[in-house]
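What follows is one structure encoded as structure tokens, with my remarks underneath.
In this document, chain identifiers A, B, C, D and E correspond to the written order of the chains, with residue numbering beginning at 1 in each.
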Amino acid sequence: MARIGVFICHCGENISATVDVKKVAAAAARIPGVAHSVEYKYMCSDPGQQLVKNAIREKNLTGVVVAACSPRMHEPTFRRACAEAGLNPFLCEMANIREHCSWVHEKGDATTEKAVDIVRTLVAKVKKNKALQPIQVPVTKVALVIGGGIAGIQSSLDIANAGHRVILVEREPSIGGHMSQLSETFPTLDCSQCILTPRMVEVAQHPNITLYSYAELESLDGFIGNFKARIRKKARSLDETLCTGCGLCMQKCPTRRIPSEFDAGLGLRPAIYVPFPQAVPNKPVIDREHCTYYRTGKCRLCEKICPTQAIRFDQPDEIVEVDVGAIVLATGFDIKHSDFFPEYGYGRYPDVIDGLQFERLASASGPTLGEMRRPSDGKVPETVVFIACAGSRDPAKGIEYCSKICCMYTAKHAMLYRHKVHGGKPYVFYMDVRAGGKMYEEFVRRAMEEEGVQYVRGRVSRVFERNGKLVVKGADTLLGARPIEIEADLVVLATAAVAQPGAEELAQKLHVSYDTHQFFAEAHPKLRPVETNTAGIFLAGACQAPKDIPESVAQASGAAAKVAALFSQAELVRDPLIAVVDRQAPPVYSSCVGCFLCQSACPYQAIEKEEIRGRDGQLIKTVAKVNPGLCQGCGTCVAFCRTKSIDIQGFSHEQVHAEVLALLNRGERDA
Amino acid sequence: MNALQEKARELLATKTVRVVIGYGPGSGGQARALFVREAAQARELIFDETCLQNLAVYLMKPDVRQLGKAALVARPATLRTLLQLAAENQLEENSLLALVPGADGVLSLSTFSALEAQVASQDNELSVAEKSELEKFAAMGLDARREFWQEQFSRCLKCYACRAACPLCYCTRCTVECNQPQWIPVPAHDLGNLEWNVMRAMHLAGRCTNCGDCSRACPVGIPLYLLNQKLILDVSANFNSRSGMTAKADHSLSTFKPDDPEDFIK
Amino acid sequence: MKTGFYPGCSMKGSAREYSESLLAVAGALGRTLPEVPDWNCCGATAAHNLDPDLALALPARILAAAENVGMEEVLVPCAACYSRLKVTRHELLEDEQLRQRISGLVEADYRGSTEVLNILEWLSRVPELEKHVKKPFQRKVACYYGCLLVRPAGIVKFDRPEDPQTMDLLMRKLGAEPIDWAFKTECCGAGFSVSRTDLVAKLSGHILEDAVSRGAEAMIVACPMCHLNLDMRRPNIEKRAGKKISIPVIYITQALGLAMGLPAKKLGLHRHKVAVKISAANAAAKDI
Amino acid sequence: MKGMETDKRSIQREALAELMAQWCSEGKRVLAPKRSGGKVDFDRVTSLSEVSFDHVQTVQSPKSAVFPRVEELFSFRSTDGRVEIRERNLDTLPETVVFGLRPCDAAAFAALEAIFNWDGPDRLFSARRARTTLVTVACSRADEFCFCTSVGGGPGAVTGSDILLTDLGQGGFLAEIASAKGRELLSAAGSLFGPAGDADKESRLAKLPAVFPPDAVAAALAGLFAEPAFWEEQSRRCVGCGACAYVCPTCACFDIQDEGGATGKRLRCWDSCGFGLFTLHTSGHNPRPLQSQRWRQRLMHKFSYMPERQGVLGCVGCGRCARACPVDMNILEHIRAIAEARP
Amino acid sequence: MPDFQPKIVAFVCNWCTYAGADLTGTSRMKYSPQVSIIRFPCTGRIDFMLLLKAFASGADGIIVSGCHPNDCHYSSGNFHARRRWIIFRGLLDFLGIDVSRVQFSWVSAAEGAKWAQLVNETSERIRELGPFTGYQRLRGLGVG
């Protein structure tokens, strides 16, 4: 027989001003199964909680209903109090008579009656509550970080420094990401490589970090604390243990005119190459698509020249399988040149370039060694036009979101240009300048006011060539929308920052959700910006949304902290409010018929097939099983199950059924 | 011996299958299910317009499963049912031979792709007559529809013949058998009958292959097919999907599209 | 596909040659283009400056008339008329109440089944157009689209609004070499043709000058208004520029007719202000 | 009623209509076969014109007159841990005339009585039975599912009926008054009946030769209980629904259900031994897990256990189960096979 | 029927509508007290049978509300629920059961005002429709 305690809170006057709490307490006392019913001024105060604890002990309560505020407010408080008094915390429910009653209705009998209805409903529910034990899941304390840009590097280092093993996977031959391509960084104008390279080296040398460069995630199984990742190490075509990184092969390679990815197509590289001199690891790869040997079957010059005989033309890809407990996704972003604005002539005119190409032009390690020379003829540009929002914030022709980094890098570009070409005339066409951030606005002001950058507020309608100049036609909306034309030598487009091309595919491999732009989706836009909806997978950097370096680094450290917190326990403890599949003694074993329609409904791939076998090993039936590590407790599967074989703890069939009946049958059906 | 009988005889004689589930002559000029286990008995098989039962129902019965590998004489709806059962993990590939008698002899299908191809080649749509009957219903008005169904359901005995005859009602524990809580009242009173029938229809939504056996089974003649066909139309109109077309799990109610209609949601 | 033809006022007046060349070409391609019965003015700029209902009612009546006789689409060669019909169709289909109100106004119900087609869409659907070419149009041409064929992009949903390609592709099929230039979709001055000839001289002047400077030997157009400004207003343009500009302006249908070997007279080439010299429109003779 | 001399009268159709009107005006519930949507079934009627005469047999039996699909046994109310039970007031049960049932149906009431009052009288059943009068109409036609003559009945058998009517043609019926209740009816409306005359009842009756002796069946069954293969063969196409039991005039299995919470009713609802759940124990064990065992139970119960325990056969040969069966389990065919399988 | 006070049950998800209703309270907006809330983890959890149970137990109207599309805490529970309701509504209507007594809605945690408005509008509509006697007559025993 149930012995339920009902505790009605006045919440000062927040409840008692409109609800007759004495009447509620008296009515609750008459509900069958209620052994104790009291009201008190502040139930959440220490004396209030003591009231609950004492009653649990003295009246030997089997369940508690606290009629007070929203469970979203104080459910943890009262569950903890119950636990302290020796009652399983999951035998405590809250009846929300404040937010859902006293605050939204006028004082009167109807309001008091509704409060009684709510209490009766929760009493009916709590009678069907079951004592639940938290779920414990073992944790493999190894993190997988996908993406070796600044975000991935930072996360890896933070996790490794917390004492945990990290496996860092990078798709390109070297880590470093976009940051390694940058010239100088806003708002301090310090050299990007100078601040990045030490971190890269630290990664390479850290005893806790295993780096797989030129590698990609093949597949992922498992769940939080217990993932199994398969990583494809693409063939570098050389034996890394033998290669000393001397670079002879690169000097001798006869195929030398391949556009360099690192230089954003502005420079050239050989078929056997490292992307840039500071690469980590500093071991070349053979680009099999361009290599003469792979194309014609002849050459093998590098093989002959290599002092350590490290070249392996027949090396296959290698699959490595690793067990990891958490994953940080840090795959970064891409910039899109596509034809959002064909009228700007990108791809048609060599001197219309994007921001990343400008970075390479301005970089001391770039194709012009930092001299400002335009791609077409190497001339020093006298006039440069920067076009902001070349694709961003344009629902009609581009993408609707703001790429966030362009205002700042455009100001930086204009400034860098002025530093390198003193008499040069930089123009910036912009919609708005968005410079929120520490020292950002000041930086842009400096560009405008001290560095002689002409900011023109207006959009560019087209860019065309006339007499060897690039004519930029636009409007100056601050000067009465007057059409203007600027004859430029170089045009730089701040193209949109978009998701990496393979992002969608990767998200599907990992079962993380992604938004309409293929950026990975955070679990909550404000309160869980680092987590994904898949437990144990975290986000760092621009793979979630466009971000600048400090933001990426901050999120990377945030993700690392989440991983470290997860790894701080031997076992993962979770609320047991998850789905469970019926199990019974033989000969039934389970009422599940194994149709697995629940499987396609589960957003978390938490439903597995379990084969029930007899002692002789004979398959008796295949039934559903919920993986407690993956289940998040939404209960979608529960509503699908025709045999009612899946139930969800905390919101079970019996509980919700009892609530419905109790709510609608005032004083009638209280068995 | 006709082609079907010959095929059955051969399958049994070669022990390719242990039983051929087909149709034989029954009472009152109707056909009935016939379980042929000896080659010699194959000549009793018939296949004509009286052969209506969806024999796939027997694949889900343990008493029949224990006979060993089966060949099953399949009508168009039976083939859809087989695919739906496959999609619901109830039928393993190549565990069964579906025999489809046709003008050019008897097709014998065992792979899912063969079943899918056969189903794709047949007419799976509701007939014009079926659609127009549903339209007539829609035009009847809410009150008239309520009265109609209340009268129909008032006759329901809860004998569950509809359930037993349905090859997709293979659950070993039906919702009506759950009593903690008691979802469906056991008594055959108006409320119990309504809830049972709503539940039966909902549980077949997106799954029913329109064989019609539930209606044929009902001893008091409740036109259950109307409910099934209504939901078949709704599933097709709203989700552009149809049950029994593929052996892959593709249940229209446990999947979704982000742009599903929602004009009824405030 | 039953395709109707809405000529509009220009095609019966200042742009007769556009109509003549279109019908000549259609005939040579073996297609008939029945006119929309009892058609009326599309309202042009005037209506939608004055009365929004009228601006929709006039095109709605045309569309209803076409739909009524079972035309699945209407070819509207005039870019301005095309714009009005296309926009009207869009507005009516977006808003059922509006559709009913406008239908009430014109006492004709347009249900939306009849589509609106511009000349470029119509031509680019001709299968294997290049097979009809007898005298390849071996000239450098400036394909000029003007404002209305491609805008507003969200409604007409035709080609890239700032860098359209359809006409360039068509001209390439005729054997011409379209130039890469910057004024494809710039405004010619349009309706200011009468009121502000100075503006037209400036805007159209820029267009012609850029085309000429990039070596174009002919301007190809698909809009009576553009043609009017670039051709008839040539004296004003020349006066403003202070130089003679002799590049001819020809309709895409005329260019096609020439390439198909149709006689110049039939194509109405003699009606232009700026002479289109066509001693022999073939590869050898460069004097169009 | 056995041995009681039947009183023979005649009655014209118009008088019969008047008689029925009289019953209704007295507040009696009259249940009779009624045609609706292609099926004929018992329903409440208020006039003879609603009644079907030309059918062979109704879908359902008239047993619901005394054993409804669902009935309240008592109601209860629980307050403060004490349960208060309110018995049903049996005086409010309706006086009922079942009209137009067949002789086989009338005979079935004896089987129901034997079951319900086996170890002690069932108050509710007995009260209903006491208030029920059976006015049977003899069969002028039989179909291939009928076999009353093989189980001791016949198309014109009087046993069980209070009054048996036989259609003599031209609107005239022979009325055989076979019980005290029948005589009560007659005395209340004596003027509506005429003398019987020398009508030839036999010639109006359906011809239905017996096909098996019931004793042979009972004897054979005894030897077949432990022959699972036999029952598997017989029941293979059975899908395990309850249609046969629910239409059967003698099947009396029921299930007890409480509805409501603290306040509610205890209900008796039809059940069927054909359901897998029927014998499922709380432990999960099921003594009859296979459909073949449940089929065996059905036949054994009717043809072996009931004759043995209650001294009455559990089958009256109405053929309803065979007609209702969705998979054509024809009981006659199976019983004949059993009779012939006699070792 | 001026004195008729309908009984309305609201089945809501914990993350959006329940929180939205909390916000209504925090903002002290007023609404009709005839509506009581039952909390679920997600609209995906709401079994259609519960709606029938509510009607059978005497509800005159039902509100079902959860997160807006793409906002589901569990990413897709509401999408599954939406499909279920599409079919369920069609079936009820076909059976002659007035589906206007069931109001489906998306109310986010930020839409306190929308919740108040939804409740008031729904109560008003149910008040106009009157008690759901057509369904409530089905309660109890069909056969004496």
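Couple of notes before you dig in:
To be clear about the criterion, a residue touches a chain if its C-beta (ideal position, glycine included) is under 8 Å from a C-beta of that chain, and two chains touch if they have at least 3 such contacts.
This is a predicted model, so every value here is computed, not measured.
The minimum number of touch steps linking chain A to chain C comes to 1.
For the pair chain C and chain D, chains touching both partners: A. For the interfaces A-B and A-E, the C-beta contact count is higher for A-E.
Averaged C-alpha coordinates put the centre of chain D at 47 Å from the centre of chain E.
Taking each chain's centre as the mean of its C-alpha atoms, chain B lies 60 Å from chain C. One inter-chain figure worth recording: chain B and chain D are separated by 33 Å, centre to centre, where each centre is the mean of the chain's CA atoms. Among all residues of chain E, those that touch two or more other chains are 48, 53, 76, 80, 84, 141-143.
Within chain A, residues 588, 601, 640, 653, 657, 661, 665, 669 each touch two or more of the remaining chains.
Chain contact summary for the complex, chain D toward chain A: residues 78, 80-81, 260-264, 283-285, 289.
Chain B meets chain D in the complex at residues 26-28, 30, 32-33, 35, 53, 57-58, 61-64, 155, 157-161, 163-165, 177, 185-189, 213, 216-217, 219-221. Taken in their complex, chain E has these residues touching chain B: 48-49, 52-53, 56, 69-70, 76, 79-80, 82-99, 103-106, 118, 134, 137-143.
For chain E in complex with chain A, the residues that touch the partner chain are 5, 7, 9, 14, 18-19, 21-26, 28-34, 36-42, 44-48, 50, 53-54, 57-59, 73-77, 80-81, 84, 116.
Taken in their complex, chain B has these residues touching chain A: 88-90, 170-175, 178, 180-181, 183, 203, 249-251, 253-255.
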